[in-house]
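As structure tokens, the structure follows; a few thoughts come after it.
Lettered A, B and C in written order, each chain numbered from 1.
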Amino acid sequence: MTILLQGFEGPLFDWSWVRSHLTSEIIPALVGHVYLSFVSVAIALVISLPTGVLVARYRKAYAPVTLVTGVLYTIPSLALFAILVVVPGVGVGPKAVIIALVAYSLLVLIRNVVAGIDSVPPETIDAARGMGLTEGQILLKVELPLALPVIIAGIRIATVTVIGIATIGAYIAGGGLGALIFDGIDRSFPTMVITGAILATALAVATDLLLLGIEHYFRPWARAAGRRG
Amino acid sequence: MIEFREVSKLYPGSRSAAVKDLSFEVPDGEICVLVGPSGCGKTTSMRMINRLIEPSSGEILIDGEPNTSMSGTELRRKIGYAIQQIGLFPHRTIAGNIATVPQLLGWSKERIRKRVDELLEMVGLDPGDYRDRYPSELSGGQQQRVGVARAMAADPPIMLMDEPFGTVDPITRERLQDEFLKIQQEIRKTIVFVTHDIDEAIKMGDRIAIMEQGGVLAQYDTPENILTSPASDFVASFVGEDRILKRLSLSRVSEMELESAEGAGKDLPRIKGDPTVRDALSQLVGAGVEAAVVERAGERKLLTLRAIEETLGNRRGRT
Amino acid sequence: MMGGLFRVFGRPEFPGAVARHVELSAAALLVAVAISVPLALLVNRSPLASLIAVNIGNIGRAVPSLALLALAMPFLGFGFAPSLVALAALGIPPILINAATGLREVSREVVDAARGMGLSNLQILTHIQLPLAAPVIFAGIRTSAVQIVASATLATFIGGGGLGDIIVEGFQLSSTPVLLAGAFTVAALAIVTEVVFGALERVFTPEGLKVAKRRQAKR
């Protein structure tokens, strides 16, 4: 395949480079990327579950929290990195990236935890209370299970978003597949760029489909349980 | 006049016909009710009149002309159409909804405005109050009335109604049915009405077409004839075990020939108003008596179980 | 500190970067709308095509923005054009998904009533389906717009210009004022986009639907 604009030497995609650098650069980048992404989402999930439940309970907090999270989510990631990097104690490196990743995930997850809990029909909770369940039991046995599909949807969106942002994080020395992209651009070496970009895309899409499958698995059950008798 | 001539509808890939060799005529100014269990093809048949569905074979004639003699769109603007879920346009006001077909036909704004007000009055909604409201602000019963008004907007000679009173509670439904029958007395449109409820069919229909599974016409006749002489076991069971009583609901006490009550017991209960014969029978049985007194034009008449039985006998027309 | 920020705003290349950023985003959004909306109208004819379009759109949403921009580079080189192509591609999924779903979800009874009353297919589309689907479509356009404005920051890496240039300069010079000037400006731009398109969404929502929503909220 011919290259439309000049600037590069050699073929568009050099398979030999891929083969020779598979274990030294490509796989570590991939693994690092996966690790970065999933760890950030996990941390965010742990924080967002109780926070989301609290916000769902205390409606007064709902509007301000939604507003703030909505605004923060709009900030472009490179801009957020720029802001984080100047904060003393953070600087360039994986720390800033993880903070940003956790922050974006939190925004998505809190919103979905609240939405999930809101989606539980009040009649169901009323019935549970009438049956004698304590508030804690209602939360654990009724609300969270019924909110599960929406929460999983949140996990899916957060993870896919995070995988995307982590690629940008490579610019501030965060590692991951973005490093292949940035190095490739610096060196005018399209093979690296394409490898990094395609792997990042594949990772994102595969994760999306996988979590979508899990979401669907839980949804028919949730629908059956939530349906009025 | 609407005429079905050997109309059939077979969906590709389906083993049995949705409608099979349907033939009948609906005279002008009458309500013909298509009734039957689910899957009998009643809605399909109705929708073939305004060509929302096209027949596989046979033809439908309106006033002697095949309904294919003009485009589907043109045809539908001449036929009123009211469906069960109503389908009001949520983004338009009530007036805007009713004005839809008149606007398509190019009526002047003034004429449309007058017509909208006229129709709202006819269906029992105050125009000043309702014309600028939106569908979501109305109750189910009110929306149903608007649906009927919308179908009548361009004053079409023919109307198709598919369970138009289906989604409201029984009390509202009864009221809507009564009001519609009153309107029909004045406007005398040719109406094809679909329902799954045999009681509604008997109440609303000048003629009833009972259809069974597979789109077959089981019987097409007046309600009285169907109740008196069901054409098959299917019709008899569809109409219900209580068809004798149903016949009694077709007429009123005031239509009966009664003997004078003079000389009869003074302690007999009185029947007030002019109920259906069935309701009167219900009162007799409830009071545990065989006779009651009815006031008619100042005279006291005697309503007896015997008289009621004779009503049935008269109709049967045999010994 | 504030002085430092304002000095950056005063720099000659700054307004150019803002202008370029807006240019790129606006052009990409226009292209995305011009492709997605007709496409959605087209697939609306067939429920299967609609479903396929929505699914492809959903997969498209997962693609990382940087990856898309990066992939444009080997084939289209550096500069405005590859950035435009990549950003437009990025903007298509939200609009396509919302438009296809919005049109499909216009209640069947309403469309059936409209057909039964004698509206032609074109009239049903313009008088019934599009107005009723408009809020959802505009929500998709809003999402797309914000995403494009945010991702246009990355255009700097393939020579597309924009506010990303300022941020990258800030990193290269290790200059806090430059970093923050770039970051705050693009963040503000993104927020303004969100607000403006949110208002547009309200403008294009038919009154009847707003009334219906308000009543639902009350219950």
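The criterion applied here is as follows: a residue touches a chain if its C-beta (ideal position, glycine included) is under 8 Å from a C-beta of that chain, and two chains touch if they have at least 3 such contacts.
Since this is a predicted model, take the numbers as computed values, not measurements.
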Chain occupying the most central position, where position means C-alpha average: C
Taking each chain's C-alpha mean as its centre, the one farthest from chain A: B
Approximate Å spacing (C-alpha centroids) for the pair chain A, chain C: 20
Distance between chain centroids, defined by C-alpha means - chain B, chain C (Å): 52
Centre distance in Å when chain A and chain B are each reduced to the mean of their C-alpha atoms: 59
Chain C-facing residues of chain B, complex: 47, 50, 52, 73-79, 81, 83, 85-93, 100-101, 104, 134-137, 150-151, 160
For the chain C and chain A complex, residues of the former touching the latter: 58-59, 61-68, 70-71, 73-78, 146, 149-151, 153-154, 157-158, 164, 167, 170-171, 176, 179-180, 182-184, 186-187, 190-191, 194
In the complex with chain B, residue positions of chain C that touch it: 107, 109-120, 123, 128, 131-132, 206-209, 211-212, 215-216
Residue numbers on chain A that touch chain C, as the complex places them: 3-8, 12, 70-71, 74-80, 82-83, 85-86, 160, 163-165, 167-168, 171-172, 178, 181-182, 184-185, 190, 193-194, 196-198, 200-201, 204-205, 207-209, 212
